[in-house]
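In the two complexes below, chain A is the common chain; its partner is chain B in one and chain C in the other.
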Partner chain A sequence: MRFVNWIVVYGPNYLSGLAWTAIIALAASVGAVVWGGVLLLIRLSGGLWTNLAVETYVQLFRNTPVLLSIYLIYFGFPLIGVVWPAVICGGLALVLQNGAYISEIFRGSVKTIDLVQFDAAKSLGLSAWGTFRKVVLPQVLVYGLPSLGGQVILLLKDTSLLSAISVAELTMNAKLLTEQTGAAYEAFVVVAVLYLLLVVCLELTARFALRAVRWRPRHDAL
Partner chain B sequence: MIRPVVARALVAIVMAVVLHLSAAPVLAQEKSRLETVLQRGKLIVATFSTAPPFCYTDDKGQLVGFDIDVARLLAKALFKDPSKVEFVVVTAEGRWPAIDSGRADMGIATTTIYPDRAVRVAFTRPYVDSGVSVLVKKGLGLKSLADLNQDKYTIANLNNPQMADRAKRFIPKTKTLTFDTPAAQALAVRSGRAQGAQLDSPVADWYAATNKDEFEVIPELMGYSQNNAIFLKHGDFTWWHWLDTAVGEMRSGSYYGEYSDVYLKWFGKNPPPQKFYLR
Partner chain C sequence: MLQLLLIGACYTLGLAVAGIAFGTVLGLLLTPLSFVRCRPLRALYHVYVFFTRGTPLLVLALLIFYGLPALNFSQGPYVAGTIVLTIYSSAFFAEVFRGGVLAIQRTHLESGRSLGLPPLAFLRRIIAPLALRYALPPYVNVCVMMVKASSILSIISVWELTLAAREIIERTLLVFTVLGIAAAFYFLMCFGVDRLGRLAERYLMRRGFVGEHA
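Entry: the complex of A and B
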C-alpha cells in the first residue's frame, strides 16, 4: 500500500499548515463578521451618500474574485510603500470580501424585522443605539446564523488561495509535497480530507450555536 | 434480511477498491504509450506557460520556448511533422497528475531531476543542463550570494522544497517566500516583496535580458549544475526507451544539428559539444 506508506512518511508535514489554515480562517471570520456589522450600522444610520458608498463597496467586492484582491493587496501595496506580511494581506482581502457578503446577510435579516417593531421601540423611548442593540441585533444574529455559517465555510475554503502569495497554509503544504515527491494524488487527497474535517468542525459549531440560541423572534405576537 | 445483504455489498465494494488500489500498478501498461501516440497521430505534451525562455506565452499569445521546440523535434521524429503536437498547459504541481492520469503522453516543463521525484515519475536522460541563478533587483548593489545573505533581504523561491533547502544552505540568513510560478517570483522582485529570486539560470538570464533596467543576475551559480529532463509515467519501458533514445540523439547523435538550432535560438549560444573528444 503505497498510499499508507506515503502518509506515514509525509503526513506530519501537514500539521503546521493545518494550524495556519485554522488560525487564518478563525481570525478572518471574526474580522469579517465585525466588518459586516460595521457596514450594516453605516447603512442603517447613514444618509444617501454613505449608503451609496457602502453599496458600491459591496458590489465591488461581491463581483470580483477574491484572488484579485489578494494579489492587489500583496503585490500592489508595496508600490505605494506599504509592505505587510503575506498573512496580513491575504487575511485582509478575505475580511474585505466576506465582510461585504456578511453585511448583505445581515441586511437581509434586518429586512425580515417588522417595521412595527421600530415604532414600538420608539414608543418605549429607546434610542437609536438602544434599538439596534436590543431589538435589531438579536434578531439579525438569529435569522442570519445559518447563512453566516455557510459564509464562514466559504471563507475557510478560500484560505487555500493564500498559497498563491506564499502563505504556508494547508494547500501550500500539498503543493510543496507534490513538488518534492511528485505524488500529487496522495498530497491532495490528504488535503481534501483535512479541509473536510475543518468544515465538519465548523458545521458542528454552527449547529451548536443555533441550538444554544433557543430564543426565536415571534411574529404571531402581533 | 436486507441488512446483511447491504453489509456484504459494502464489504465487497470496499474490498474491490482496496484490491484495485493495490493491484493497479501491477496490471497497468499492457499496450505501450508509443503505440497509442502513433495511432493517434499526434503527441500530447504537458508543459508550462509561465517559464521563459523554456515554455511561455509570447506577446502574440503563442506558446513558445526551448521546451516547446524540443517537443516539436520529438513530433518531427515520430511523424515527420513538427506541428503534430498538442500542448496541455499545467501548473507546477499539476505536472505529475497530468502524466499519471494519462492526460498527456509526457511532460517537458523546465523540470529538474531529483531522486525524490523519480520515485513517482520516470525521467529520460537530461535534454538540457540547468543550474540555479539568482535574479536580483538592480540598484541594490547585490553582486554576490554573500551580499544577499543578510536578514534584511528576502528571496523568492519556487514551491519545491529543494529550493528551500538550497536557500538554507547557501544564504541561510536571507528570509524566504514561496510561489507557484517563475512569473510570480519575478513579480515578487519587481514589487519589492523580495530582493532576489531563485530561478533556473536560463530563466533568470531571460528576465535580466528582457528587463535590463530592472533586473540583473548574480554571476555565481547557487549550488551545482543540475539536469532538466522529460518526465513520463513509470512502467512503460517502450515509451520511456523511445523518448530517452530521442533525447540522446539530440544531445550527441543524429539530431544534434536540429537540437543546436533550437539551442542557439533560445539561449544565444551553442550547446555543449556533441562529444567531449570531438572539436
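Entry: the complex of A and C
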C-alpha cells in the first residue's frame, strides 16, 4: 500500500532520470562497440608493438574499476584545459572501459572465422580494409551477439555510477528523492525495479536480435 | 600520501575478502535451492538471482545503506558495505556453482550412482570435486569482480582505496598521480587474485582433472 502511495505521488520524478539513463546507456554502448571495433582493427592490422599496446590497454581497463576511470576523466580533464560536461566525461569513461571488454569479445569471435575465408578474400583481391569491412566485421558482430548483449546490460548497470559525478540519471534521482522525503528505502526499491525493467527490455531486444540473425552456436566452438 | 593509499588498499582487500568469503558461504547455501524438486523454491532462487544481478551494485548498496538503520541495524558503513558485497556476490557465486554442477557429464553421475553411495558421500566424492574444477575459472572471475566492486562502496562513504584517492584529489588536485597509483594498486590486487586462481587450477589439475582438455 505504501509503495502504491509512493509511486502515485513520486512516479513522475523518475521519468527524466529514466530517460537520461536510457540515452546514456544507448549512446555509450554504440560508442563502446565502435571503439571495440577500432581496437580490433588495430589488433588485426598491427605489428608486435601495436598489439602489445592494445593488450596493455585492455588489461589496464579490465583490472581497474570503472569508478577510477570516471574520476580520472571528470577530475583530470579540466586540469589539462578540457572542460566537458559531466555526462560526456562519464560517457567517455564508460566507452573506454567497455570498449576494452568488447574488443576482447570481438577477438574471440575473430578466432571462430574460418581461415579459408581470408584466403578467399585475398584471391578476390580485397584489400586489408576491404577484408575487414566485408568479411570480418559482419561475422564478428553476429558471432559475438550474445556476449555483446551481456556487455550492454553491464554497461547499463555501470551508468548508475555516473550519479557519483552528479549526472541527473536514475540513481541520482533516487538519492535526491531520499534526501528530500526522508524515506529510507522506497525510492531505491522503485529504482531497482525500474533498472530490472530496463534489463528485461534489453534481454528481450537481445533475444529478438539473435532470432533476427538466425544465430546458431558454432560446431567447433571452444 | 602513498601510505594513505596503501592503507586504503588494505581496507579494499579486507572488504573484498570479507565479501567473497561470506558470499561464497551464502552462494553454497543457495545453489542447492536451484536443484530441489519443489518448483516454488526454484522460482525463489531464480527471482533472487535475477533481482540481485539485475540491479546495479550502487542501487543495492544505497538500498541497504539507507534501509538498514530503518530496521534498527545501524552498525556503520563497513558492516553495511560487507553485507552489500556479500549479497551481491552470493548471487554470482550461486550461479557459478550451479554452472559447475550442471557441467558435470551425465556419464560421471550415472557411474557414480551405480556405486550405490549414500547421498552425502555422493556429494562429497563425486559432485564436489568435479563441480569445483569446472567452477574455478568463473569463480576467480567473480572474485576479481568483487575487488573492483568494492570501489563502488566508496560512494556510500566506506573508506577504502577509491575514497582515499578521492579525498587526496580534493585536497591536492594531483589527479593523474593519485589515480595512477590507485589504479596500480587495483591492478596488482586483481592480477594477484587472477594468478592465485591459476595456481589453484594447476594444483587441482595435478590432483586429478576431468574433462576434455586434450
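Definition applied: the second predicted complex is superposed on the first by the 213 of 222 C-alpha atoms of A that agree within 3 Å, B and C clash if a C-alpha of one lies under 4 Å from a C-alpha of the other, contacts with A are read in each partner's own complex, and residues count from 1 in each chain.
By our rule, a contact is a pair of C-beta atoms (placed from the backbone, for glycine too) under 8 Å apart; a residue touches a chain by one contact, two chains touch by 3 or more.
Because the structure is a prediction, the values reported are computed rather than measured.
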- Should the pairing of chain B and chain C on chain A count as a clash or a fit in the superposition? clash
- Message: So in the superposed three-chain picture, is A:63 touching just chain B, just chain C, both, or none of them (first/second/both/neither)?
- Response: second
- Message: Tell me the contact category for A:184 with respect to chain B and chain C: first, second, both or neither.
- Response: both
- Message: Contacts for A:72 in the overlay, against chain B (first) and chain C (second): which applies, first, second, both or neither?
- Response: second
- Tell me which partner A:86 touches in the superposition: chain B (first), chain C (second), both or neither. first
- Message: If we overlay the two complexes on their shared chain A, which of chain B and chain C does A:176 touch? Say first, second, both or neither.
- Response: first
- Message: Between chain B and chain C, whom does A:157 touch in the aligned arrangement: first, second, both, or neither?
- Response: second
- Query: Looking at the overlay, what does A:33 touch: chain B (first), chain C (second), both, or neither?
  - Reply: neither
- Message: With both structures fitted on chain A, tell me whether chain B or chain C touches more of chain A's residues.
- Response: C
- Which of chain B and chain C A:196 touches, first, second, both or neither: second
- Message: Based on the superposition described at the top, state which of 44-52, 62-70, 80-88 or 116-124 belonging to chain C clashes with chain B.
- Response: 62-70
- Message: Need the overlap of the two footprints on chain A, from chain B and from chain C, as residue ranges.
- Response: 75-76, 79, 163-164, 174-175, 178, 184-185
- chain A partner, complex, touching residues on chain C are 50-51, 54-60, 62-63, 66-67, 69-70, 144, 148-149, 151-152, 154-155, 162, 165-166, 169, 173, 175-176, 179, 182-183, 186-187, 190-191, 194
- Note on the structure: chain A partner, complex, touching residues on chain B are 21-22, 25, 92-97, 100, 114, 116-117, 119-121, 156, 158-162, 177-180, 184, 187-188, 191-193
- In their shared complex, chain C is touched by residues of chain A numbered 59-60, 62-68, 71-72, 75-76, 79, 156-161, 163-164, 171, 174-175, 178, 184-185, 188-189, 191-192, 195-196, 199
- As the complex stands, chain A meets chain B at residues 1-3, 74-76, 78-79, 83, 86, 163-166, 168, 172, 174-176, 178-185, 187
